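Both complexes shown next keep chain A, but they swap its partner, so chain B is in the first and chain C is in the second.
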Partner chain A sequence: MNKSALSTQLKRLLPRGRVLDSPAQLAGYASDALGYKSYQPDAVVIPADAEELVGFMKGARQLGVPVILRGAGTSLSGGPVAAQGGVIVHTSGLKRIREINVEGFWCEVECGVGLNALDAELKPHGVFYPPDPSSGPVCTLGGNVASNAGGAHCFRYGVTSNYVLGVEVILLDGSVHRFGGPAGGRGPWREDWKRFMIGSEGTLGAFTRFWLRLLPLPEKVWTFRATYPDLRSIEAAIHALVAHSSYPAAIELLDPRGVAMVESSQMAVGLPKGSFMLLTEIDGPAALVNARVEPVAQALRQAGSSDVVFSDEDAMRQKLWKARKAAGGLLGQLSPDYVVQDAVIPKSALAEVLQLVYDEADAAGIRAVNIFHAGDGNLHPNFLFDSRVPGDLEKVEIISERLMRRVIEVGGTLSGEHGIGNDKAAYMPLVFGPDSMRLQWAVPAAFNPSHQLNPLKVFGNRRFAA
Partner chain B sequence: MDPKPVLPDYFSNCTHCGFCLAVCPTYNLTGDENNSPRGRLRLWSEEAAGRLTQDEWTDFYTAECVGCLACETACPANVPYGELFEHTRHDHVAAGRFKPALALRVAAAAVGRPAWFNLALLPARLLRRLGLPLHRFLFKGRPAVLQSTADYTRKLMQRYRPTGPRVAFLTGCLMEAAFREINFATVRVLIENNVQVIIPDDQTCCGAFQEHTGLEGVDALRDQNRRAFLPLDVDAVVSNSSGCGYALGKSLAPDKPVRDVLDFLGELGPVRRERHGSTARLYVDLPCHLVHGQKLAGIPSKVLDATGHRWEFAPNARDCCGSGGVYNIQKPENAHAILASKSAFLNEAEGIPVILGTSNHVCMMQWHSAGASGLVVRPYEVKHIIQLLDPGVDFDI
Partner chain C sequence: MKTIAPMQAERLFTPFLDAVDGTLCLPASATFADIHAQAAAHRLRFPLIVDAAATLREQVAAATHAPASCRFGPYCDNLLGINWRLPSGRLVRIGERVVKTTTGYDWLRFLLHSGRRFGEPVDYVLRLRPDCGFHLEARLDGDITALRDCVRRLMHSGWMHWWDAVDFLAEGAAFSVRVAIHCPPDEAPIFAAQLSCIASETHTRLTLQDNPPPSFDGLPDVVVKTTPDRAIGLACELARDAVRCVALCYNGVVHVHLNVGEDVAERAHTLMQPHLGELHALGGDWHSRWLPATPPTVTESQWIETLEQAIHGS
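Take a look at the complex of A and B:
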């Protein structure tokens, strides 16, 4: 189908939504937050609402081109991009919060609802939705479910899959399926199948809405930040916190380059130059949590910090979290392009693997910045480069592969929360053997046999053949 | 290691994190990536790099931007979006890719000649003075028709002879020509608070009008204002319009900072107005060019307390109202839709009367239009916060 015929067909499928097809309209959709990899789609559609998305999916097979679902485009793995061309479906029109059921501790939201927008609506009801990826101000629940997003607080609270009670999904034959629902596994729905959907990265179907589990807001929250002179002492602090009886909700690390960038941004919080920063939080019933404040501060000091600050004031706490969560964007102060890895390692290997990151990067003349979820060993080494300098990207790819091999040797894995996308698809065989790969492949093959949905993602050779 | 951009061009800073999308009024309105700061930056950079030819859609999405600068506040990479946008808009207008409306082109030519502009808008002052509704943007007020702010200031200065800090006051073009009562109130408040006020005679439009429209002339205006303000021996240059203050600040940087008059008064601790038994409620909205342009935390609570009113921030007070300088003239449908969600709370707001207070006359025009265009169906007043600190016309006697 040529582009003009494709546009005509799309306009027929979306009478109320929008069809974008000029080169300038497609430019903004050429990448996700992994900006250096660009793929021009053939068209972009923005359905007006869920009903129109269903209509589009019913007719999508006849289009004969790949179909890629996209939330806010904050993915860091090259997930919602047109790697094999095709039509990107931007779900920004599906942003209704359909129900907040406070008594039942669940809510029903459309896939385009923003994560922080949901939290703002939930807060007055005294409930919250725990997963908190750093892109919260803009990312959507659809993207969160597609990549099984985590976040800083997943150390104690767990990731998206722990909070999805049900998913409504449309397959490419136009059939609408509901896996789970507000009653979770207790209703008439085939709830176990929802687990296939979470983390499926747009390869199985299009999500329209979710039923999400909520928790009561903690009565009291204390946020701590401590700075350390070196990797050895901050590693000691991490181990002390992980084993601490106060059971922190989050344990985060910023290395000195991360600290320097925070301090030269609008998110500055007064951190000493050259220090490693640890951010941690405890929450729960006020009497219990208040009693734990001093023991946590003591543990942070004993590990080697003479600079421990803690607060239960919302404004101060939000400021600290804002500084941590702006990490991806902060990198722009240093470099336009970066590759961020998402490996998860056993905590015992933390210092060794971090040192490897610095050593490999230094040897290659590439700058590395580590800002990550230290508590659960979810590393995010950011390798900075300039895509316009020949050879830079290749250096980063070599470092990344060496790192990934070591991660697997120490018993770690490929991705904690960003998804595989097309950025990490090449590493899949490093972790999974042929039998495992065959089984994983069988899932998209069952739901989406022609691989029309999001081809070339997760599996580097999963290609759509019209 | 000191973080420094490794590349010379501005575009390099954007890492596509997307934080700007959430705060962008046009992205929220349309759900279209291209209609966001991240999208526009990509369009401009792709065109600059020669990977994208000139396209009417690039022109369209550029013109769609309100220029609220909320994206600059949200940006961790310090991308100077406002500067890039201003530069691009100017280029588009110069190349004929975007043509501002005739009325705006005429006004842009006039604002640089304050005497003409004041004369041209004399009917507007007169009709406002007589209380005759003229246009949905013309909020209520009783400006002096003939006496200028400069004359009025000289008279009050001679009468009260304040001894405190000396300030040079930007009277503005539209503010002086149409909404002069706000300037008069500003002068009364400053003098009551023992501030010496100087009105440089040769000052001119701050240049915001040209920046908003992309029309030529901003450099000449900036030069003239530098000549008017920089030689003065004053403690501060102050403005009572956050947009004008932001634009003048760019003209006088780095030699003289320009202070928002409310921020300046916050440090002094202004004289408080007592309103015993008042049932009024004040809802404070923060202009974009105050919080995102000048990057102030807001309007000091000391100043808001001194109004004597029971006050609270309007919902989403840091979000744009849709005014955008002249955006509500260039893109009235978008501006109306942005205002619709901002102003909805007024229909249910408590207080008799309900007062919407802000600190930029173009935002006041936009807020007033919410009533005139039927978005708000109950009575409410639109006031500049400085007017709520005003000792009143009795101060003149």
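Take a look at the complex of A and C:
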């Protein structure tokens, strides 16, 4: 189908929504948050509401083109991009918070609701939704559920899949199914189908709404920042915190290259050169959490830090977080392009795998900065490069493959919270043997056998043949 | 990027204890004593136990949650990986030994409570938690209105994160609330003071016991999943006809314990029939370890068939 005919068909399917088809409009949808790979879609549709999304999905099969669901496009793995061309469905029109049920600790939201927008609505009710990816100000819950998003406070609170009670999904035949609901069970189904839907990266169906589990807001938060002279001592600090009775909510690490990046920028906060920075938080009722402050500070000092700062005041806490939060933004300023990996490893392998990152990157002449969720062993090595320089991206891909091979050898996994998308699909044969690969393939075979939904994602050979 | 050749053999878990990560891989036939014997030496514990004598496989088959799910979530958030025996007898590894993964479709959570329809677990990887060295158990007694108020106070504040369990116990017309706390010894007075405050404000009688011997409710005969605000009411109603109910208040789960020797199938169906409409409307469910699973709907039969083809082809 040529693009003009496609646009005409799409406008019929979305009488109230929008169809974007000019090159300038489509350019904004050509990549995700990383932007080093670009895939121009044939068109973008913005359904006005859930009803119109259902109508679109009913007609999508006849269009004979790939269909890609997209929230805010903040993916870091090439998830919501038109890797095989086709139509991107932008879900920004589905942004109603339909119910907040404080007594039942749940809320019902549409897939285009922004994460921080939900938190702002929940706060006056004294409850919160814990997953907190750093894209919170812009990302949508649809994207979060599709990629099983995590965040800094997952160490204690867990990831998105821990909080999804139910999902409503439209399949490619236009049928609408509700898996679970406020009670978080199976509903009338024999099997718990929502488990496959969460983290399915838009490859099984289109989400319309979710039922999410809530928790009471913590009364008080203490933030600690400590610096360490070497990897051995910060590793000791991480191990001490992981086993600590205060159950920290977050344990974050910025390596010396990240510290240097922050300190040589306008966001400098006075961290010692060459140091590792550790950030941790404890929260709870004041009577309880105040009693835990000194034991946590003591644990940080005993691991080898002479620079432990902590506070329960909002302004000071923001200052303590500043270097960690600034580092992510600075990457984009320092380098035209960067790739961030998302491997999770047993924490006992932390020093060895970090050293591998440094050695490989240094040998290839690629800058590497590590900013990551140390408590979970969730590495985020950022490889800075320039995609206009011939061979740079290839170097990063070689380093990444060596890293992933070692990650699997030490018992880790490819991705902890970003999803596989298009960027990491090539590594999947490192993880699954013949039988487990057959199981993996059975899931899209059941719900989206033609791979019309988000082709070339999760498994690189998921190609749509019209 | 060059293509990576597929693996020729399955990766499997081999038994291990990782004291740094707090993870333990052991056979599905392990019991509480087996777990404790390995974990305690490293000041770690696995809090999700409903029956001391039952194997882990039996516990996971019987229940999706344990009392400590109030703090730590259901089994599926605390079992990180499994070695799974397919109907063909071949073993596959499902899940990970690390706490986060978005690598592929989530077969782990799908299979964990699927009974033996798609095979069976051989080994589990458990997520352990720090053992802080001190248990405190609180009992709160009073009339049903006071106890409801008490549970509301326990759950609707920042303290809720720190109760290992908040259970509403119903046996006939006798009700009480049980709160489990696990903390360092020096924090016990802080918890005790908060509980005293709640008991006083809700006109309930508080009894505290330090480091009680481990006691478990036993495997439930019927497990019902509803919303947290409906769990107490449902437990009260079911307890009129059943012997004993334990509502896991934050999780919205009711464990029903029937009389030994009863026709469990008949009793379970009779008990649950009046509640099915509401449960399904809420996205809840029920199951019994004594009964086969509900037959699949026509729609899901097609999906199941596709999964089974892959499973039986393995």
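Everything that follows uses one rule, which is that the second predicted complex is superposed on the first by the 436 of 466 C-alpha atoms of A that agree within 3 Å, B and C clash if a C-alpha of one lies under 4 Å from a C-alpha of the other, contacts with A are read in each partner's own complex, and residues count from 1 in each chain.
We adopt the following convention: a contact is a pair of C-beta atoms (placed from the backbone, for glycine too) under 8 Å apart; a residue touches a chain by one contact, two chains touch by 3 or more.
These numbers were taken from a predicted model, which means no experiment stands behind them.
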> With both structures lined up on chain A, is it a clash or a fit for chain B and chain C?
Replying inline: fit
> Which partner does A:Gly411 contact after superposing on A: first (chain B), second (chain C), both, neither?
Replying inline: second
>> Just to be sure I read the superposition right, which of the two partners does A:Ala33 touch: chain B = first, chain C = second, or both, or neither?
In response: first
>> I'd like to know which partner A:Leu217 touches here: chain B for first, chain C for second, both or neither.
In response: second
> In the overlay of the two complexes, what angle sits at the CA centre of chain A between those of chain B and chain C, given in steps of 10 degrees?
Replying inline: 130
> For A:Asn116, is the partner it touches chain B (first), chain C (second), both, or none of the two (neither)?
Replying inline: first
>> Quick check for you: in the superposed arrangement, does A:Met267 touch first (chain B), second (chain C), both or neither?
In response: first
>> Is A:Gly93 touching anything from chain B or chain C once the two structures are fitted on A? First, second, both or neither.
In response: first
>> Looking at A:Gly150 after the superposition, I want to know if it touches chain B, chain C, both of them or none. Which is it: first, second, both, neither?
In response: second
>> Is A:Pro182 touching anything from chain B or chain C once the two structures are fitted on A? First, second, both or neither.
In response: second
>> Touch test for A:Leu331: chain B only (first), chain C only (second), both, or neither?
In response: first
> What's your read, chain B or chain C touching more residues of chain A?
Replying inline: C
>> After superposing the two complexes on chain A, what is the shortest C-alpha distance between chain B and chain C, in Å?
In response: 20
> Looking at chain A, which of its residues have contacts with both chain B and chain C?
Replying inline: none
>> Help me check something: in the complex, which residues belonging to chain C touch chain A?
In response: 1, 3-11, 18, 20-23, 43-44, 73, 76-77, 86, 90, 92-94, 96-107, 109-110, 113-114, 130, 132, 155-162, 183-184, 186-187, 190-191, 193-194, 225-230, 250, 252, 279-285, 293-297, 299-300, 302-304, 306-307, 309-311, 313-314
> Hey, which residues of chain A end up touching chain C in the complex?
Replying inline: 101-106, 126, 147-148, 150, 154, 158-159, 161-162, 165-166, 175, 177-193, 195-196, 198-200, 211, 215-220, 239, 242-245, 247, 283-285, 287-288, 291, 342, 344-348, 376-378, 397, 401, 408, 411-420, 426-447, 449, 458
> Taking the complex as given, what residues does chain B use to touch chain A?
Replying inline: 1-7, 11-19, 21-23, 31-34, 36, 38-39, 42-43, 46, 52-53, 55-58, 61, 73-79, 295
>> Give the list of chain A residues in touch with chain B in this complex.
In response: 18, 20, 22-25, 27-35, 44, 46, 72-74, 90, 92-93, 95, 112, 114, 116-117, 135, 137-139, 256-257, 260-261, 264-267, 326-338, 386, 388
